[in-house]
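Labels for the chains are A, B, C and D, by order of writing; each one numbers its residues from 1.
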């Protein structure tokens, strides 16, 4: 097993990937995972985090098999 | 309650006509409040020629269903319908439809507006606009309340 | 802006579909808020089998037009449509339709609700219900806000 | 010329007429007109008055040719 990482929208374009996979380390958080995957820039303050499709804090502990998503503020709906 | 996320264009009034036929207890409904959001051909002072609506498949449906369930817990509602487009859109294409059926108008108005604001602030959709000069991601939503 | 008072049954979604085709600048519209009020088969604990909607011809149209004009002065709106039934109604028949088209959702939501509340408190319509045991005039409106 | 009087809904049924006509007297008001037409009961406090299809006070002066309407609280729209 491992942790799946997804990026969406402008963030997907900025990091240049839509999906990645990383081994799960004990006590690992989304912030740790971001550092593993996006080596060259820190996690932007306005980026939203979801774990298994629920909004989550960047310091929430992860477990093996989790799906973690990073994305910019949402802009659906209407004007 | 029904939530639909679709890459196909939809005609809101036809969707509403068809959905209303399916209501189990139409004569309990005294009020229906509807919101339709559609694509404008301008934004922040620029002409917009088209749009791509990206979303997070799975999380989108999950959050829309949760928003609707929360509204049904908070107000006395007969039914709720949410339809949201994804993919390539052109100006005046419908983006989102929220419809709430209730016994009384206060519940219908309040729940419809609440679902719409919740959707805008939480459902994982992102708009990329096609302008004369190239494309740009929409960075933030307009306040609705 | 369009105001219709009619003794004929109307299908709100079909009326909206047709009206929207007539909008001069559809791609300026980002938001459409709609309210449809329809006849319930119960009221104040009693089964209601039918209803007669009486009105004051002339004053009705005059006041609906004024309510719509006031909304257009207060909010930035692309169009407003109001349709109200009169005459003999059966349960689940549409009674009233209010639709507001605007650039932004806040204006559309607020104007739609305001027009509806104004209509209920000022437009000269009166409902007479047909119950199992006879007829009765509806004495007062439910509060909407 | 004269003043036209109209009654609507439950009030129409109570007074037993839908339209009437009365000569206009100087300084006449809707309240005076009610007494002329409905001799046997005072103007109920919750009755609404319209003069020429605008809401009006019961003590607003009338003029020849006016149309005056008396009706109960309105109950249009939806539940």
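Basically, contacts are C-beta pairs under 8 Å (C-beta built on N, C-alpha and C of every residue); 3 or more make two chains touch, one makes a residue touch a chain.
All values derive from a computational prediction rather than experimental measurement.
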Handout entry: B-D compared against C-D, more contacting pairs
Key = C-D
Problem - Averaged-CA centre spacing for the pair subunit D and subunit B, given as whole angstrom - result: 48
Exercise for the section: List the centre-to-centre spacing of subunit A and subunit D in whole Å, with centres computed as mean CA coordinates. Expected result: 71
Exercise for the section: Compute the distance, rounded to whole Å, between the mean C-alpha positions of subunit B and subunit C. Expected result: 23
Completion exercise
Whole-angstrom distance, CA centroid of subunit C to CA centroid of subunit D, is 26
Practice task
Indicate the residues of subunit C shared as contacts by at least two other chains.
Solution key: 30-31, 35-38, 40, 103-105, 116, 142
Problem - Of all residues in subunit D, the ones touching two or more other chains - result: 77-79
Practice task
With chains as vertices and touches as edges, which is it: line, ring, star, complete or other?
Solution key: other
Practice task
Write out all the pairs of touching chains, ordered by chain label.
Solution key: A-B, A-C, B-C, B-D, C-D
Exercise for the section: Show which residues of subunit A lie in contact with subunit C when the two form their complex. Expected result: 77-79
Problem - subunit A contact footprint on subunit C (complex, rising order) - result: 30-31, 103-105
Completion exercise
The subunit D residues in contact with subunit C across the complex are 6, 8-10, 50, 53-55, 69, 71-79
Completion exercise
The residues of subunit B that touch subunit C in their complex are 11, 13-14, 16-17, 20, 26-42, 91-92, 103-106, 108-109, 112-113, 116, 142-145
Fill in the blank from the handout: subunit B residues touching subunit A in their complex are 35-38, 40, 43, 53-56, 58-59, 62-63, 84, 95-96, 116, 119-128, 137-142
